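So, here's a batch of structures to check.
Two complexes, one shared chain (chain A), two partners (chain B, chain C).
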Partner chain A sequence: MDVTDSELCQALEDAVCARDAGAVERVFASVDDAAIRSEDAGRALSNGVEKVRLRYRDGQVSIPEFLLSIDVFRQGVRRLRAREPGTPVVGQGAGVVIGVVEGDTHDMGKNIVAAVLEASGYRVFDAGRDVSRKVFLDMLAETHAPLLALSTLMSAPLEKMREIIEWTRGLHPGVKILVGGAPLDERIARALGADGYAENAVAAPDEVARLLGQARRADEAIPG
Partner chain B sequence: MSTQEFCPRQPTEDELLERMIRRLGYASPAAVGDDILRGIARAVEQGLDRVRVRSLWKRTPLVSWGTGVLQGEGMRIRSPKWAALATRMQGPELLVCFVLTLGGELESLMSGMQQGSLFEAYLLDAVGSELAEGAAEEFERHVSSALLAEGLQSTARFSPGYCDWNLGEGQAAIFHFLAPESIGVRCTPTGMMSPRKSVTGALVAARRIARRFPCWFCREEECSYRRDGRARWGREGSSSWPVADGG
Partner chain C sequence: MMNVFRIVQSLKEGRIPPLREIPEPLLASVAAAASLRGRWTPLSSFERVLTAFCHKEPDRVPVTPVLCSGSRQILGMSFPEFALNPEKAAKAYEAGFDLVGGDIVILLLDLSVEAADFGQKMLYPESSTPRPDHSDPKIKSVEDYAKMRPIELARAERMQAFVELCRLAVRKIGLRGVVTGFIFGPLGVLSMMRGAEQLFKDCLLHPKEVMKASETITGVLLEFAQAQCETGVPGVNIDTLYASRTGLSKPLWEQIEGPFVREISRKIKSNGLLVGIHNCGHDPYFDAQIKFMEPELISFAHLPDDCSSDRELKERYGDQLTLIGHIPTSLLVQGSPREVMDACARQIEVLGKGGGYILAPGCEYPPNIPLTNAFAVVRAAERYS
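Here is the complex of A and B:
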C-alpha cells in the first residue's frame, strides 16, 4: 500500500474525530509496523481528541460522543504500546498526580479527566480513589510531578482535601494544585487553598496548562 | 410504626431509553448519532437486567421542630432551613425517612468497564442514576398519596448532604433509624453508601403545607439545587432531583 506516514496519521486523527474504532484497526492492519512511527501516530491520536474536546467546548458534540472518541484514542494507544512495548507513545509531557481524596470512591469523573489529560500529552500518575494524604505526598515525591489534581463528588471529604493541599504546600511548595468535583466551585476551591479549579474534564487541560504556565513563570523569576 | 418495604415499578426499556436521551441533553432520539444510540440502548438493557431496587421506610410522629432541628421518635434532623419550613406549616405531624438501593451488580459491572470503555461505563453510571432518581421519585409519590388519604400534605423529599443537612450526621441518623443493612446498604463515617447507587432521604407531613421546600425563603441564590424555577440542578445537564451520592 502506497501511503505516506502523514496520510496514515491523518487517517488516525480522523478516526478519533469520527469515533470509529474500526477505522483505527484498519489503519494498523493496512500497513506493516515500520510504515508508521509510533510517536507520530500517538500525536495524531492526541490531535483527534483535542479537536473533539474543542468541539465539545463549543457545544458541537455531547459528552457521550467525546467519551467515545477517547475510547477510540485509547484503543489506538493500546495498539501502539502492544507493538512496541516500553516505547513512549503519548503522555510524555509534564507529570500530573491525580486521585480521588480519602472518604470517596466515586472515580468516574477522575478517570475521564485522567484520560483527557493523557490525550492532551500530560504524563498521568493515577493514585486511584479513596486516597490518603500520605499516598498523594509519596507519589509527588517519587514522580516529581509539578501538578496535583484532586477530586471528590461528596462534601464530607472536602476537609481531607484541605489537609492534603496544606501538606502539599508545606512539603512540595512548587507543586500547583487543581481541584474538581460536584461540591466545588471556584470560590470553594480558593477557600480550600487550591491554585485552580476545573468545572469538568473538558476544561481540565486548559486549566492545567494555565497553572503550569504560572509555575514556569515563577521559576524564571527566581534570580540565579 | 414499623419499618416497611416499598417496591417501585421498574420502567420498560423504551421508557428508560427515552429518559436517558433527555438526561444526556439530547432533544429527541433523532438528534442522537447511531453509535451513541446503540450505546445508550445497550446500557439501558444491561442496567435493567442487573438492577433490583429494594427500599425501606418508616414514619415517626414529629415531636418538635424548633431551634433548627426536626425531632421525631428515634430520628433527628439538624437542618435549620427545613425546621424553619416546618414552623410555617399548619400542624406538622410526621417525619418519614427512607433508604432505597439498586443493589451492587450494576456497580461491579461498571468498575470493570472503566478500563475498557469510558463511554460504556459513563452510560451505565447514568442509567444507574436515572433509575435511582426515578425510584426515589416514585417512592415520594407513593408516600405522598398515602399521606393524603390520611388528610396530610407532605413536603418534597430531601436528602443528607443537600441544603443544610450535614451528610455524615444525616446518614448516621437515618441508618440508626432504619437499619438498612437488612437490604444490603452500608455507610461509611463520611456518609458514602455502598452500593453507591443508593438514596436516603426524608419528608415532613402536616395538615397544611403551603410550600414544599425551603428555597423560597433561602437567600442562597447561587445554590445548584435551588427548587424554585430558577434551579440550575445538576452540573451535567441533569433535569432530575439529585440522588444522595451526587448522581
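Here is the complex of A and C:
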C-alpha cells in the first residue's frame, strides 16, 4: 500500500480522537508489520490521547467520549505489543503505581488518569481498586516505581489513604505520593502527608512531572 | 384547587402539609407574615423553610447539615444496622436532628437501595457505606439491559425499608423539621448495576438499550416515588448526578435520562409535593435539569456549568429556585470549625439575600468524620444570618 509512515501515524492519532476502534484495525490490516514502526505508532496513539485530554479540559468532549478514546488507545497499544512482544511501545518512562484505596471501588477516574499517564510516557502499574496497603507496598518494592498515585471518590477511605501514605514514607522514603479524588483538595493532600494533588486527568500529567522533577516529553506541544 | 382536607389532615396528624396544594398567593402571604414576625421572634423550622422557599427573608437562613449515615455515630450504630433496619435508621436521624439541629432532614440510606432490589449483589461493610459488588455486576453485557424486568415494589426490601424510614422519620420529627424523601435517578441505578465507566460508554454506543432499561427502572421508581409521597414527606429529592460534567454531556443526558426524571418529577408534583434535585457532580447542568424536572429546590456541591461565582448563580437562578448548598466536603473533612463557619458566612452573605437559600453541605455529611463541623454549619446559620 502506498502510504507513508507519517500518514499511518496520523490515521492512528485520528482514530483515537474519533473513538474509532475500526479505524485502528483498518490501519494495521492495510499494511504489513514493517511498514510502520512500533515506536512511531505508539507515539501517534499517545498523541491522540493527549489531544482528547486537552479537548476535555476545554469542554469539547465529555467523559464518555474520553473513555472511548482511551479504549481505542489501549486497543492500538495491545495490537502493537502483540506483534512485537517486548518492544517498547508506550509508557517506558518513570514508573507510577496507581490504584483506588481500600474501601472504595470507584475506579473510573483512576482508569482515565492511568491511561493519560501511560500516553504521557510513564510506565503505569495499575493496582486496581479497593487495594490494600500491603498490595501497594509490595508493588512499589517490585517495580521500584518512584511515584505512587492514590485515589478515592469517598470520604470514608481517607483514613486508609493516610495509613498507606505513612507506611510508604517509612518503607519507601524516596517515593513521591500523588493523591486525587472527590473529597480531596490540595490542603487535605498535604494534611494526609502526600506530596501532590491532582484534581483530575487534565492536571495529573503536569503534577506527576512536577513531583518527579522532570520535564514533560518534548513532543507534548500538540495542538488541540 | 386547594385540597383543604389533605392540608387539615396533615396538620392534625402533626405533619407538614403538601405545599403545592396551597395556592401560591396564600403561601406567599403566610411567608410574608412569617418574615415580618421573624424580625422579632424566632420562627419554627417549618416557618423558616417556608419563608425562604417563598423567597422572603426568614429570621435566619434555614440550614441542614445533611447528616445521613453520619448520624449513626451518635447511637454507636454500624453501617449495616443503619442501612438495613429502618427503625434504627429513623432513631439515628432523630438523634442527629435533636443533637446537631437544623431545619431540614434529608433522608438517604445509601445510593444502592434501588439497585439492590433490582438484584445487584451488595456488600455491607461494618465501617463504610454499602456498595455494589462490582466483581459481580447485575448488567454484565449490553444484552443484559433488555433483560431488566420490573420488580414488585411490595417485595423490594430495601426500597420498602426506605419508605418505612420516611414514615417513621415524619412521625418522629413531626412539625419540628422538614423531612424529605430521596430517589436515585434511573441512570444512577443503572450505574450501580453496570459500573459507571461501562454505563457511560454504553450511553454513547448503545443508547437505545440503556434507555430501554431506564424505562423499566423508571416504572418502578414511579411507584417508589408514590410510596414516599404517601408517607407524609412534603418533598422528594431526585439525584441526577450524571447531569454534570462528572457524567454525560448535556445533550446526551437530555436524551437518555431527561425524559425519565421528568416522569418522576411529575409523579411527585401530582401528589402536591415539592421536587428537589440533588446533584453533587462538577459543573451540574442546572438549565437542563430545570427544563426536565421543574424543581422547586436544587442541592448542589459545585457551581453550575453556566455560572462562575455564587453571585452569578444567585442572579441567574435565585429567582426561580431555592438553592441548597454548598459547603465543600473537603472543608468538612479537613477544615477547622472556624474555617467552616467562615465559609458558611460567605455563602450566606451572597446566597441568602432575599430568601431562596438553605445553607447545607454540598453532599451528604461525610459519614465517618467527627460531627464537629456539622455543628459548625448549623451554628453558622444561627450566627451569621
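The rule we apply is simple: the second predicted complex is superposed on the first by the 213 of 224 C-alpha atoms of A that agree within 3 Å, B and C clash if a C-alpha of one lies under 4 Å from a C-alpha of the other, contacts with A are read in each partner's own complex, and residues count from 1 in each chain.
To be clear about the criterion, a residue touches a chain if its C-beta (ideal position, glycine included) is under 8 Å from a C-beta of that chain, and two chains touch if they have at least 3 such contacts.
Note that the structure is predicted; figures quoted are calculated from it, not measured.
J.: Once chain A from each complex is brought into register, does chain C clash with chain B or fit beside it?
T.: After superposition on chain A, which the two structures share, chain B runs into chain C.
J.: Where does A:157 make contact in the superposed view: on chain B (first), on chain C (second), on both, or on neither?
T.: A:157 contacts both chain B and chain C.
J.: If we overlay the two complexes on their shared chain A, which of chain B and chain C does A:106 touch? Say first, second, both or neither.
T.: both
J.: Touch test for A:166: chain B only (first), chain C only (second), both, or neither?
T.: In the superposed model, A:166 contacts neither chain B nor chain C.
J.: Return first, second, both or neither, reflecting whether A:191 touches chain B, chain C, both chains, or no partner chain.
T.: second
J.: Should A:138 be classified as contacting the first partner (chain B), the second (chain C), both, or neither?
T.: It touches nothing on chain B or chain C.
J.: Looking at the overlay, does A:84 come into contact with chain B only (first), chain C only (second), both, or neither?
T.: neither
J.: Where along chain C is the clash with chain B: 24-32, 60-68 or 312-320?
T.: The listed stretch with clashing C-alpha atoms is 60-68.
J.: Common interface residues of chain A with chain B and chain C?
T.: 19, 62-65, 67-68, 71, 103, 105-108, 111, 154-157, 182-183
J.: Flag every residue of chain C that touches chain A in the complex, lowest number first.
T.: Interface residues on the chain C side: 125, 127-129, 131-132, 134, 195-197, 200-201, 203-205, 245-249, 252, 328-330, 333-334, 366-369.
J.: Contact residues on chain A for chain C in the complex?
T.: Residue positions touching the partner: 19, 59, 62-65, 67-68, 71, 103, 105-108, 111, 129, 154-159, 182-185, 187-188, 191.
J.: Taking the touch rule as given, give the residues of chain A at its contact with chain B in the complex, in rising order.
T.: Its residues touching chain B are 19, 62-65, 67-68, 70-71, 74, 103-108, 111-112, 115, 153-157, 182-183, 199-200.
J.: Any idea which chain B residues touch chain A in the complex?
T.: Those residues of chain B that touch chain A are 24-26, 33, 35-36, 39-40, 110, 114, 117-119, 121-123, 125, 161, 167-168, 188, 190-192, 196, 235-236, 245-247.
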